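Across the two complexes that follow, chain A remains constant while its partner is chain B and subsequently chain C.
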Partner chain A sequence: MEISLDHRQSKTRTPERLLRASGLLYIGLMVLIPLIVILQDGLRQGFAELIHQVTLPIARSAILLTLWTSSLMTIINAVMGLMTAYALVRFEFPGKRVLNAIIDLPLSIPTLVTGVMLVMLYGPQEVIGRFLLEKFNLQIIFAQPGIVLSLLFISFPFVVRNIQPVLQDLDQTQERAAATLGANSWTIFRKIVLPALIPPMLSGSLLSFSRAIGEFGAVVIVAGNIPLKTQTGAVYVLGAVESENRLGASAVSLILIGIAFIVLALANLIHKRWGSHK
Partner chain B sequence: MSIQLENISKYYGQQVVVNNLSLEVKDGEFFVLLGASGSGKTTVLNIIAGLIQPDKGKVLLHGRDVTELATQERNVGFVFQNYALFQYMTVAENIEFGLSVRKIEKSKREKRRDELLELVGLVGLGRRMPSQLSGGQQQRVALARALALEPDVLLLDEPLGALDAKIRVELRRSLKNIQRQSGVAAILVTHDQDEAFDLADRIGVMNFGRLIEVGTPQELYQYPKTEYVASFLGSANLLLGQIKAGQVYIGDHAFPLSDETYNFNPNQRAQILFRPEDVALAASQEDLGCMPLGQGKIIEQGFNGSNEHLRVEMPAIEGVRPIAPLVPYGLSGFLLDINRSAEQSTNFPTQKSDLAWVGIRRLHVLSHPGLNFLLVTDGSLRSSPAISLGGYLARMAHARLTMLGIGQDSARLEEHLLEARKQVGSGMAAMSVQTSTKPFSKAVAEAVEMQPLDMAIMGWRPTVGFSDIESALQTGEHHLLLAAQPTPRLGKALICLESGEPGKDNVAFAGRLLRHLGADATLMTVITNEAQDDSQQRRIERFLTAGKNSLARFGVDANIQIRTGPLISAIQEEMKTEAYDLLVLGAPLPNAYGKVDLHGTIGTILNSVENCSFLIIRSRQFQRLQNRFRRNL
Partner chain C sequence: MNSQKKGLGAWGIILLVMLYTGVLIIAPILALIFGAFSEGLAPAIKTLGSSIFLDALWLSLKIALLVVAVQTLLGTIVAWIIVRHDFRGKAFLKSLVDVPFAMSPVVVGYMLLLLFGRNGFLAPIIEPLGIKVAFATPGIFLATLFVSLPFMIKEMIPVIENLDRKQEYAAETLGASSWTIFWRVIFPQLRTALIYGMTLTFARALGEFGAVLVIGGGIQGRTETTTMYIFRSLDERHFVEAYSAAILLGSFSVMIVLIADSIKRREEKHQSQEEAVERL
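And then the complex of A and B:
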């Protein structure tokens, strides 16, 4: 009996190993090696030089711009994404299915196209853009609000799609129980529903944040490429590559990669810690 | 009175979930709503809590009408089957939730919380999270949470359903104690009979949205009124026998009608119930010590720890029809379930296949005999309303339904009956199918002679003519329902009465039927003669009021209406004033040859009224004339 078991195990072992090896090889080729190359390239002239490169005024401004626009977008996205998800799950209205399908669209639209759409909407020559500029002196295109808007557009699905399944699975008897105990609907939302939605909201927000850090296409169209003003990290990297400043490109890239990595790790942690909490 | 429900109804689309349900729960009483899943019991609980709004009726808590109030304002404690504890709060926070919503100060809150933890036996667990507790402990927390605000009533929705058997029994005991201590009136919903018997001061049995019977556990077990309750609670031996001259007959065996005070007719069919422990077994007739029923063969014998359970096959008895236990196909006799104590088994040890004398120590006659319907279909267009309405009625009234399929082409008929069965659905007391290749009227005549029926259901379209209906009224003893509407709903019935004896029969059967449907009725008499006087008017009014009262006893609300003028046009006028779904008419009396002729008043009405079904009632006078004719034949 034992022998036959061993035999069967050794039989399944070979394809299993093969599968595992090819998976790892694939990750290595596609992700790990490029990462190592850029790490090695950035540190080519030592750690001090890397720091020097990213603290150059233009580079620093680009990184900081990326961080604050992404952060602002993330906060807006978290709140509005929560509300959108709630509306889509809990309320019935005509066109709900269509709307639900449209939410994923920003993921498949080329981000350059997103940029073009925003320019067509808010450009200084267009109706809305001119109105905002004249009435409120608010410039959107070729300015920082444009960056936030384009980031909002491209990362819209992350929070909604993270919250939706959790909200759908949420046991509504808890809310009914709270109602029988005298809680009004706002209290029920705050004390019963919201605590369950915070983990998916957080992890969704972090995903959208890390997505926004690397955004290039929409931003370059909407914001242009004005150093110290509307040049984000990713756009800076392009400029550095084009002007053959290889070290500068690698250094800023490394910072962007580092931030993205930390944020993704955090999102993973939240998902692990609370995602399965029931 | 802690809880009063008055004529509550709830529909989801066409489906009736709660059907004209009224209920009163006294202060401090533990009331159990018992029913199979889908019987509407949880909906009733949700309606009391305000989580679901009823379509009709009123909810009163301690005399206060709360029907329009939100859940938050009703002050009910609710315990859910899945505990529904707030997952992100500790046990203590869960219990204090209601108090903190009401802004009770912290010290009082903590005092109350500690009292409750003590009450439910969870002292020291206040700081745990719900996920760290066992199911039984979680439900104790839920109970404490529900009691925290000292609710007016406590509603428990299968609170023990998700627990292991052993914990269930343990928690059952503490649940009862806690309810006693807090003195709050409670309604518990369950499908578990043991639980209901253990906990309840009174039980209400629900089925298909109706409250079928209410009583103490003992009353419902020993003296049920309906077949449904008799067979739903415990196991039952149920036979259809006769009452003759104040005695109960099972075949030739007469049993005294016990001290029950129901008003049985001196001669009528009767559903006879005796429980497995009411059956005696002995080696000889003399040793039985009670009324013998006959000699049977033991076909099953088992032991469950405290009792011995046997099943005995009895030979057929003329004129007796078994209802429960179900008789397997092909068996001519009937089966009895028997329970014996260890002592009884020792006194007369038996083995499988042994023959033994069987006697009945105690029996009970059900006061509400079940309804028995025949549904006739030939697969044609006119039959389709009969199938949908017949199925609906049989389900709602928990009747026994026999479906008679008529047709020459057996393959097509088979296919049609399969489809019809699907459409009829399940939920009736029993369902069987017969087929016949004979012509329509002949097939119906044979079927109605084979079994005692309360009502035959046929489809009706004016183009078909009266001959099938006339012949269906010339045989058997059933009333006749002509289904004409495409959608099966009977919400409003017009009952046309002639003042006098036949009218009473119309009311009696219409009441038996309508009580299951939650339908309203209008009782109408038409004064046809020109020279009417006040005394006639008053007499008719008295008669209709009496009819209204009889219907009220069935739980059917009725208006009364008197019209003058020609009968046909008066009925047509009345049909225009309301959307009646059912018109109840007395059958015209048969002529000297036993023939029923519908060409006349009824025929004209059948042909002129649209989108309405007809119930044609045979009065006792009709039956007497017909019986006389049949004897003469």
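And then the complex of A and C:
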């Protein structure tokens, strides 16, 4: 049966050929050409110029800010995502269904709206924002904590939704056996459950990292765009475009694309190799 | 399956997770709701009825609908050839589909500017033809098309993989044309995923900001979308306008995704029931 199916596929009929051509044309025009153009523009002046552009103080500080805020977010997201997924799969508690529904909310809320929300909560004129500033000297909006918070909001679903199905399908007989042999629950978690959850946790975290590298809508509202202090890579590109600094815009764009692609490829690789789910 | 008696550790985790989601997700949402109505309903309603806002909303809706139409047709075709066709460079095509996920919206806008801007690569071609893309609606459309590209394709691939091929062969053996097979056999099996993919694409298109800001320029009354209206209102410190528009956009996006979710869930439930019946 299978062989005859493949045979049928190999002699593609004209409408199918048309279908394939239009699909390839669409992706080629939409994705490939813009990519080639930015690659060409970024490397037009040579590799040395690219390095020079991204190591200029303001550009470098923007890229580094993007990298460390995204990294911090990724670590917190990995830990909290793991706990949330574990609670959702293994425990019964009031409000569980609501919690499960809330996790997806960040995916459907436009990131600009996320930024507006955070400003309204932690802005220096708002109740909580003023309280934190006066009592703890902690500034969130127009400061770096705001960037991390908005990245956490946006990427919350990635780790949780990556771990959940794996945890659901996890065979519990090993855990029961270990429990019978007198292992305590922490040992069981560390030795049996955690090793199975590390691949989905890693791929989910990397996915959220690659997403955070380019985040703009929430960050531009929350961070306030202060060069050397709260200007991220994506916001730097906007500034460079507006001031017609084409070299800087292309160089930093290329760096952002490069980092995001490598991390995304890594996430896909982990998912393919160890994603035992399905 | 679930541990019956929960220790202190379990309650600790549950509390921590509740606290985390409460502070991270719920608190900002509540802040937006309270903020938008802080001066009562009247100013919010006045904003949402203003012609500047309605123009922006109308532009966003038009573009989002057009993007959904293109994505539904071409996205399904791309998903189809990824699943059913074998050709060289298929792996490359699949990774190209992922590209918009990892691309900063600002960079997307900038790429389009490099193509269609004043000194853009395609300027020598489109300028003599009198076509304006940058700082005009076509640019916003292309930017939105780019950022929302993976949604439909990613939604359709697993569904097309799971299609029941036997039905197609049966129909073909009975002499149905490929057109009939598509509409009568394949399409009904794709319908739920199509609706879901269209909704995700629509929500993503409606909320796009960074790419649209760079390529569209936010010219009031011409290229100002809803997100850009919010951005400009914040910039001009018209907070009630910004907040009420943000709450409308946010709740609308959430609502349509929730509806699509419930349709999908009902369908899955229906299917698992059917499978259970078959097993009997």
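In this section, the second predicted complex is superposed on the first by the 252 of 278 C-alpha atoms of A that agree within 3 Å, B and C clash if a C-alpha of one lies under 4 Å from a C-alpha of the other, contacts with A are read in each partner's own complex, and residues count from 1 in each chain.
FYI, a residue touches a chain if its C-beta (ideal position, glycine included) is under 8 Å from a C-beta of that chain, and two chains touch if they have at least 3 such contacts.
The structure displayed is predicted, hence computed values, not measured ones.
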For A:137, using the defined touch cut-off, is the partner it touches chain B, chain C, both, or neither? Pick first, second, both or neither. neither
On the A-aligned overlay, A:110 touches which partner chain: chain B = first, chain C = second, or both, or neither? second
More chain A residues in contact - chain B or chain C: C
Between chain B and chain C, whom does A:31 touch in the aligned arrangement: first, second, both, or neither? second
On the A-aligned overlay, A:191 touches which partner chain: chain B = first, chain C = second, or both, or neither? first
Now for A:176: first (chain B), second (chain C), both, or neither, which partner does it touch? first
Should A:257 be classified as contacting the first partner (chain B), the second (chain C), both, or neither? second
Going by the contact rule at the top, pick out the chain C residues touching chain A in the complex. 1-3, 6-7, 9-10, 13-14, 16-18, 20-21, 24-29, 31-32, 34-35, 74, 77-78, 80-81, 84-87, 93, 95-115, 121, 145-146, 149, 165, 178, 203, 206-210, 213-214, 227, 230-231, 234, 242-243, 246, 249-250, 253-254, 256-258, 261
Where on chain A is chain C touching in the complex? 5, 9-10, 12-13, 15-16, 19-20, 22-24, 26-27, 30-35, 37-38, 41, 80, 83-84, 86-87, 90-93, 95, 99, 102-114, 116-121, 126, 128, 149, 152-153, 156, 172, 185-186, 210-211, 213-217, 220-221, 233-235, 237-238, 241, 249-250, 253, 256-257, 260-261, 263-265, 268
Along chain A, where are the residues that touch chain B in the complex? 171, 173-174, 176-184, 187, 191-192, 195-196, 277-278
Residue ranges of chain B touching chain A (in the complex, touch as defined): 49, 51, 70-72, 74-78, 80, 82, 84-89, 97-98, 101-102, 131, 142, 145-146, 148-149
